[in-house]
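Worksheet: the structure to be examined is printed underneath.
Letters A, B, C, D, E and F mark the chains as written, and numbering starts fresh at 1 in each.
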Amino acid sequence: VQYTDKYFEDYEVGETFERRDVRTITDAEVTNFAGVSGDFHPLHMSDEFAAKTPYGERVAHGDLVFVLAEGLVGETNLHSVSYGHDNLRFVEPVYLGDTLSFHREVIETADYDEQWGRVVYRYTIRNQTDEVVLVDDHITLVEKRPA
Amino acid sequence: VQYTDKYFEDYEVGETFERRDVRTITDAEVTNFAGVSGDFHPLHMSDEFAAKTPYGERVAHGDLVFVLAEGLVGETNLHSVSYGHDNLRFVEPVYLGDTLSFHREVIETADYDEQWGRVVYRYTIRNQTDEVVLVDDHITLVEKRPA
Amino acid sequence: VQYTDKYFEDYEVGETFERRDVRTITDAEVTNFAGVSGDFHPLHMSDEFAAKTPYGERVAHGDLVFVLAEGLVGETNLHSVSYGHDNLRFVEPVYLGDTLSFHREVIETADYDEQWGRVVYRYTIRNQTDEVVLVDDHITLVEKRPA
Amino acid sequence: VQYTDKYFEDYEVGETFERRDVRTITDAEVTNFAGVSGDFHPLHMSDEFAAKTPYGERVAHGDLVFVLAEGLVGETNLHSVSYGHDNLRFVEPVYLGDTLSFHREVIETADYDEQWGRVVYRYTIRNQTDEVVLVDDHITLVEKRPA
Amino acid sequence: VQYTDKYFEDYEVGETFERRDVRTITDAEVTNFAGVSGDFHPLHMSDEFAAKTPYGERVAHGDLVFVLAEGLVGETNLHSVSYGHDNLRFVEPVYLGDTLSFHREVIETADYDEQWGRVVYRYTIRNQTDEVVLVDDHITLVEKRPA
Amino acid sequence: VQYTDKYFEDYEVGETFERRDVRTITDAEVTNFAGVSGDFHPLHMSDEFAAKTPYGERVAHGDLVFVLAEGLVGETNLHSVSYGHDNLRFVEPVYLGDTLSFHREVIETADYDEQWGRVVYRYTIRNQTDEVVLVDDHITLVEKRPA
């Protein structure tokens, strides 16, 4: 648990952070995510079912890939709260055995109110052949530096 | 695992589905979600830390509440694929012990291409005092009925 | 979570429900079941041990296959309670990688007392080569329709 | 992992084994069992839902209590295989916080075929007020002692 | 996942890192650790059993507290490998609900061979009343800076 | 859960206990251990990352192997408490798919105080090719037999 101790004024559009090849999506992760979310769709859970779909084999839950982004490259900034997400898109399927790279960039900083500023991160997740599999814009509010 | 067997033409704006009081968010769910996502922020994991924040006690991961929506009231329609999400907003904190109700409504049906139509669901999740805690628009693509 | 809203009078012998190819039994499921049940028998947990048995490879816990039946094709009827099971038999071993199909049939409806009727389901679980691997009779009590 | 190294001839009707007060059923166990089995019935998962039922509060899955019996007092005998169960009955509800005692007794030994004998265990599980909550007859086959 | 990119020459005796109040030990963590390790001792798993011991209530596995140290304040340095541990001591019991603070200090740097140096961290874990509950010396090998 | 009911006077240096080929380390165990400990180092979690290290493939957490020792061959003696560990060494890497054998020997018995004696176990864990992968000395205190 590494913390970032930054105020709104410390963020600049264009800042990036990246972790390459940091996680292979496995059956265990898909199974555990199914158990937490309750989403046991056979496209994720059944080899035989998946073999008959256009995917040809089991596909990870898109939401699993999404939640990993926060755990793997999200900032743990105690001056920041999560406001929401836009433009979350499941661009390509993620198969079991794919290894993901996570990239985060500040794409917007804007005034929000007297106490808070708005900082938007764009997440771009790629697989081992460098295809983009998921994009997401994470909107956060960050405290302004106390006077 | 209940399946829905509907084509694009079978969806109408305004259709709703709801499950009231279907899940209490507990320490076990938060702990398991932390283990899957890798997000061990002390606001979720530490009583002492959380007591010193404006929340006053541990708060569930917003992403946990989000992923439960799909598991609890999402449709398992074999003619449908998940395209993405917009307007995901963490409106109010969810505390351990809160019990959630999940509401889903079709808010848009639109042509996408020759094979697929676009169906957008709005999820609205409320706690036991009927406060909205999370909203989300889930964009799906649904196959058109074969000729 | 789909609910069935049926009273005792709504059940008839011969009703069936089926989900084909809905779950592949994997190492993750076996490992998680071991952790929940505390049953770490090396036939389930050790490749080397299992290789020296007549099975030749790791075998899933029979109880894991049993509990999946309720989760995958069990009815969530709020007018029903679980009374017990008879004739649960582990007919053939389930190996890691096997994909299971679940079949449920009402085999008995009978008066129980003034308030409840007895509804018995027979579960038949088959693997991907259509061999029966487990059978079980699930006895439930279902409320009679209020006058 | 303690093993028993007994042949069919070594079992006698009336042998007992017991573990008193060995497990408290908690929210974590219920949540993990739901994730493994896929059974998220709100009677197990929702305080608000359960409060409106005759039970008044959340109840553990009967199948969870059943599978613990094997893990806690089941014999790990490498000469034995699990054949099936009869007379599994959910006698009383198990609430979160209940502490269980597990009792096992050999109730039948019988010839099966040339190689195997049949050994039946009766499991009786009690809560902290000594009420029986679950009974089950576990049928196993045990190898006869080689000549 | 934050990485440290340091060579042996970059470490100095006396360097410290600390996370205060970062984790509350809960029933879910104890239950999950039992499932992973297979250690279901009733002192960890049974309220009734624990009540009759000098501890008076359930106690977390000492090994759970130990493994959290690496996850919470361990360095993820890609130039470093784990060599071993000495002086791991379970100083005081950790009860469910205790919140832990983790402190790490470099207590030794020494030549190991041509390629590697030895860096020893002392971990000191305290509870919410600032009692030391666990100490441990973690011996690592760190690559020397390439010429 | 098998208990040992021994007092300090019942232990002798040289006593051994062994379980051969009792556990295969799998992706599921590594993933679950990461989730419990919070240690998601890519050497454990990423095929692509591990392929570029001298190990060539994913390696299990050393601490996972350590905690399994207690669960697999540790004594559950109600007259005993865990005092600490010394000489824990990660001798060789454990790869996914390796099957482990656990060996425990009493290497020291010594007076501690009026009430307790000290019993030290040496654990030696080997893989399927009989290489030692981990050693550890577990120091316990065991009650002296009441007069």
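Operating definition for what follows: a residue touches a chain if its C-beta (ideal position, glycine included) is under 8 Å from a C-beta of that chain, and two chains touch if they have at least 3 such contacts.
Values in this document were obtained by computation on a predicted structure and should not be read as measured data.
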| item | value |
| --- | --- |
| Graph separation of chain C and chain E (steps between touching chains) | 1 |
| Taking each chain's C-alpha mean as its centre, the one farthest from chain F | B |
| Interface numbering overlap (same over half, different under half) for chain A and chain F | different |
| Farthest-lying chain, centroid of Cα atoms versus that of chain C | E |
| Of A-B and A-C, pair with higher C-beta contact tally | A-B |
| Centroid distance [mean C-alpha coordinates] between chain C and chain B, Å | 28 |
| Between chain E and chain F, centroid-to-centroid distance (C-alpha), Å | 16 |
| For chain B paired with chain F, centre-to-centre distance based on mean C-alpha positions, whole Å | 42 |
| Numbers and ranges of chain C residues touching at least 2 other chains | 1, 22, 26-29, 31-32, 35-36, 38, 40, 42, 71-72 |
| Chain A residues touching chain D - in the complex, by the definition given at the top | 32, 34-36, 38, 40 |
| Chain D to chain B touching residues, read off their complex | 26-28, 30-32, 35, 38, 40, 42, 45-49, 52, 58 |
| List of chain B residues in touch with chain A within their complex | 1, 29, 32-33, 35-42, 62-64, 66-68, 70-72, 74, 76, 82-90 |
| List of chain D residues in touch with chain E within their complex | 1, 21-24, 26-29, 31-32, 71-72, 97, 99, 128 |
